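One chain, chain A, appears in both complexes that follow, with chain B as partner in the first and chain C in the second.
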Partner chain A sequence: MTAAPARRPDRSTASWRLSDRLGLGLAWLLGLLFCAIAAAIVIYFLVEGIRYLRPNLLVTNPAAASSESQSGGFLDPLLGTLIVGAMAMAIAVPVGIGIAVWLSEFGRPTGLARVAESSIEMLAGEPSVVLALFGTILFTAPALGFLSQTTHGVVLGQSFFATAALLSLVGLPLVVASTREGLQAIPSHVREASYAVGKTKIATTRRVLLPAARPSVVTGTMLGLGRVISDTAIVLLLLGGTLTFSTANSTPVLGLLRGTGDTLTGYIYYNAPTGDGNQPSKAYAATFVLLLMVLALNLGVDFVLSRSRKAVTWR
Partner chain B sequence: MRKPPPVRRLTGNEGYAPRVEVAPPPSEVSARTAGQNGNGHRPSSAFAAPSSRTTRGTSIAIERMQVEELSVTYGSKPAVKSVSLPIRQGEVLALIGPSGCGKTTLLRSLNRLTELTRGASASGRITLDGVDIASMEPTALRRRVTMVFQQPNPFPMSVFDNVAYVLREQASRRPRRAAVRGAVHEALARAGLLDEVADNLGHPALRLSGGQQQRLCIARALAAYPEVLLLDEPCSALDPQSTRLIEELITKLREDVAVVIVTHNLQQAYRIADYVAFMYLGELVEYGSAQKMFGAPRQSRTREYVSGAFG
Partner chain C sequence: MDEDPFLERGNSISQDQRAELGLGALVFVVVALLLAMLVFVFHEAWPSFAHNGLGWFGGGGNVDNQIQAIFNSGEYKTAPVYTFHAWPLIWSTLLITIGAVAIAFVSALFIAVFMVEFAPPWLRRILEPVVRLLASVPSVIYGLAGVLVLVPFIGNHLIAQSEKASVTPTIQLSGSSLLAAVLILTVMIAPIMIAIFADGLRAVPRGWLEGSLALGINQWRTFWKVAVRTARPVLVAGTVLATARALGEAIMVSMVSGGVGFAPNPVDGLIFFFEPSQPLAATIIRNTEGLSSPPMKHTLYAIAAVLLFSSAMLSVIGWATKQPMRRYGMVP
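== the complex of A and B ==
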């Protein structure tokens, strides 16, 4: 007797019930629709952006003018995005790692840990304009006047410091969630192996757990940065949306950080066809740059994740 | 080369004593279970040839730890019930018994790892070189009573750093590499791994094979010259060849460290143990020399277990 050739599993849906076939069709339709929408947004702005993007837009500052040829580029907003992103993540990453370590490795007192956990989840769901409004109340307080400018005894409350502080809250939940996930993926016997050679929890966390969770920390940081540089409400309310930097005083760095400015999102908001500036070509060009940054971060996340999936690890 | 300090912190009543072949007197154990008298039965057939054992112990044994009336409960569930036994350098002690019998809990009590489990509480006394371990700093105790786990778990760093990490103070990066190189090489050599990794000390430890990883874990556990080495089913995730290497290593190591091994594998216990403790439902049913336990166990439970009647 010869062995029968291996039969391929029957993939046809001919035998399915009508409702199942309709469901499958709907799944396909929606799946393709979402791909199409995402592709349309990206492709539209890539095409439009490339059409309007000129190298000199990246090195000239915005100027108040009604004609597109005289309204300049977006050097300051671009720098503003970079400064704000770096400052916000400089706060969010260490704090986020600390919270994640506490939640994952200590988690005591249990009640407090649970409250902290849901607070962070709430923070992640908070509309950023609410955070921005809270920030304006906070940073106009006289005690925090040193972080922005004060004119005639009134604290302005708008500065890079204020913006970064509130934007760090936008990035924080992503750093916490990702780091925590990475820590919890480490088998408990790895921790115990470190305790079992006489190491404390803190030494174990620093030398064994955090290095093992590094891909997750990097992923969370990039996702958080993507959210931070895409935010608009906080920038408009707390950074001023002044198109160019307006320094608080002549002190080199502090003067800039205490002053107001803008980011790409604020610039796009201003120059959108329905915005005050109404210079769509500038808005498209700036969108193109912002989109490239966010796409690069997303690709970076995919790269880190695929590498860490391939990395050798414990069973 | 650092000289291994084989004997440390000896107290008065310890020292070199002739090795006894009969079971030492954990008399309360045998008294408790004396109802089921199994004396005089034929040796169990599975292990009828003690002469084939090639790992007869050394001629001296130094008592390192003493477990006295240890009971451990998780919440309200008892895991170990009033167990007493000695742990000696120069011998390999195997803890055997079916799953959930408390042998791993007993092992983890020896370096107070049980304390990390929420809800665990213990009573009784365990001494290390005459000192109650409850009075020690857990980190100090765990440097002297180290442990190797079922799954190989090298730390996510280089082979060298895995061992150096143990030699350094907590999270410190000092002493520097050059200062610990000798000790790292020595630990790797004692674990029989040095020849295989000497050229690749900077490679990530997680890239080693499973058997090499487990020997690295043993090197790591040996690096600070502990008095007692605890092994929790160290070969159950390994292939036969790696298992053989580790078993040979264990029988060599017992000279300068007291070895306690938990194993599910009766053949393994038979191959490497000098003393065997059989646990069942949290109780120490019988403790005695390997020859006696596999040849002529006194308790019927032990006899049934080592002959494969249950498990």
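== the complex of A and C ==
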């Protein structure tokens, strides 16, 4: 038996100076206020959401109508969010892992590594409206016209492809940062052990390092996905904001992806009092669904983090 | 394992080199894409800057009318108009960003200190996920909360009828205001700051704090003078990143700030906080249909170029200020 962990004998603040005690009081106050604000936001939207969410909203499509009974639900925006999230992460995750592996395991020439590191950092701080405008230039270029619709030789530049491509840039920095952190947390003797049994660097990365860093990759993916489905500016500019899917042609999948649509964020923006739809009850219902998705992703991150903390550490 | 070790050794060099080249090429492509973004956006923005010169950043005239004239000139194919003086928009951006960052910095610092050092374990277990949650709530939801709850509250309870009447010919005090934008933006960026600050504070070696405690300095003073001071680079970096986020926030701000190209005037006294305005990023969102009109398009890209440049500068500053912590061997 060892002795009980040393505990500071006196935790009372009675002997502290007044300014210190005031500081501590302010810290408590702000900490609790912060929790209260978070609780207020979440509870408010959950309560309003339950009040306005009807099951049929989830299976009917939106329609432009002034009365709430005729404007339908948000099936297509909901599917749009799922499609856009899946497509964007399908680009961001492999590219992000590739960049993270290169930065952490190779990183030569050093100049390129420096530039890459700061570019990714810059990308993380870039406003999404700016990315959206960049996407507009990119996808209205005639060379990329096959990814959206063309009318009378003018490329529209709005499609699921365009949106997903730009949203993947939003998710990319989070995937890179998290994966890289995970790779760097693996001590070098693990790599050396792998090289010592004759594995190449890339085989080591694939068989040893990436599996060990899997919790970080998953965390980064979920954080990135959360950012991607919360984005509104790119959706407004590049997805067209047509409430329902409007396909480019009759080809089953490609026609849909080349066409325009909407996501939950775009739908909420449209139905907010400042938008063209202005039907707050629909906005509340859609917010409820979106908030549940964000909450689920957060719980997922917490779960992965707590499990990986409990996992065996490298010693 | 499953491969023949000699065979693997035989082509190991080429395999590794291939992987390195492939990944390097991927990184190069992504970096090139980002550089292309800078070039393309500035190229599209050039006509607007070229026509206005430095006057672009100055004041003069009603910016809403200027935007209308620019849009119409392209839409009706008349001679393109480019006259644009963005000062009211820039001023609004500065006020909202600086206001929110200032409030968020103070609160985030106290909350991060509390979370890392002083909160009882049960509260710490609540605070950490709450910070992550608030950081990930979509901005359109914050905007909705603002426009449905905060804006009507400010409009109905905080602004007196006489105050509304006093400014009626120029602007309307509906509650969409500087105050609403600053408050909501504070809630949006504080979690980002708290998360970064807390990481930095945790990275301070425990021994440094123990040393101070052993000298009989109380816990608050120790933490404030040793940990917070050591983490200063991280505080700067976190603030800079949050500033970049605040600067580029378009959706929420376009919903609650009022959408009028008006420059709030501090001389107006208390009404100043209730005055509507429209920052740069929100201007882009509110005029997206203007992309079809060439002069308007160039003007919007000019606004985007200003945002792109400022946030890129902020990122570089944030990245540079984090380096001293790395040098001490503390990676936040």
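The definition used in the following text is that the second predicted complex is superposed on the first by the 307 of 315 C-alpha atoms of A that agree within 3 Å, B and C clash if a C-alpha of one lies under 4 Å from a C-alpha of the other, contacts with A are read in each partner's own complex, and residues count from 1 in each chain.
Note that in this section a residue touches a chain if its C-beta (ideal position, glycine included) is under 8 Å from a C-beta of that chain, and two chains touch if they have at least 3 such contacts.
All of these numbers come straight from a predicted model, not from anything done at the bench.
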{"item": "Touching partner for A:Met122 - first (chain B), second (chain C), both, neither", "value": "second"}
{"item": "Partner chain in contact with A:Gly198 - chain B first, chain C second, else both or neither", "value": "both"}
{"item": "Partner chain(s) touched by A:Phe146 [first = chain B, second = chain C, both, neither]", "value": "neither"}
{"item": "Dominant toucher of chain A (residue count), chain B or chain C", "value": "C"}
{"item": "First (chain B), second (chain C), both or neither touched by A:Ala272", "value": "second"}
{"item": "Which of chain B and chain C A:Gly98 touches, first, second, both or neither", "value": "second"}
{"item": "Contacts of A:Pro211 with chain B and chain C, given as first, second, both or neither", "value": "first"}
{"item": "Which of chain B and chain C A:Phe303 touches, first, second, both or neither", "value": "neither"}
{"item": "Common interface positions of chain A, toward chain B and toward chain C", "value": "198-200, 202-203, 207"}
{"item": "Residues of chain A defined as touching chain B within the complex", "value": "187, 189-190, 192-200, 202-203, 206-208, 211-212, 311-315"}
{"item": "Residue ranges of chain A touching chain C (in the complex, touch as defined)", "value": "8, 13, 15-17, 20-21, 23-24, 26-28, 30-31, 34-35, 37-38, 41-42, 44-45, 95, 98-99, 101-103, 106, 108, 112, 115-131, 133-134, 136-138, 172, 198-203, 205, 207, 223, 226-227, 229-233, 236-237, 265, 268-269, 272-274, 280, 283-284, 287, 290-291, 294-295, 297-298, 301-302"}
{"item": "Residue ranges of chain B touching chain A (in the complex, touch as defined)", "value": "111, 113, 116, 138-144, 146-147, 149-153, 155-157, 165-166, 170-171, 204, 206-207, 217, 220-221, 223-224, 230, 237"}
{"item": "Complex contacts: residues of chain C adjacent to chain A", "value": "1, 5, 8-9, 12, 15-16, 19-20, 23-24, 26-28, 30-31, 34-35, 37, 40-41, 44, 107, 110-111, 113-115, 118-119, 123, 126-127, 129-134, 136-141, 143-145, 147-149, 187, 190, 194, 213, 218-221, 224, 241, 244-245, 247-251, 254-255, 259, 281, 284-285, 288, 291, 300-301, 304, 307-308, 311-312, 314-316, 318-319"}
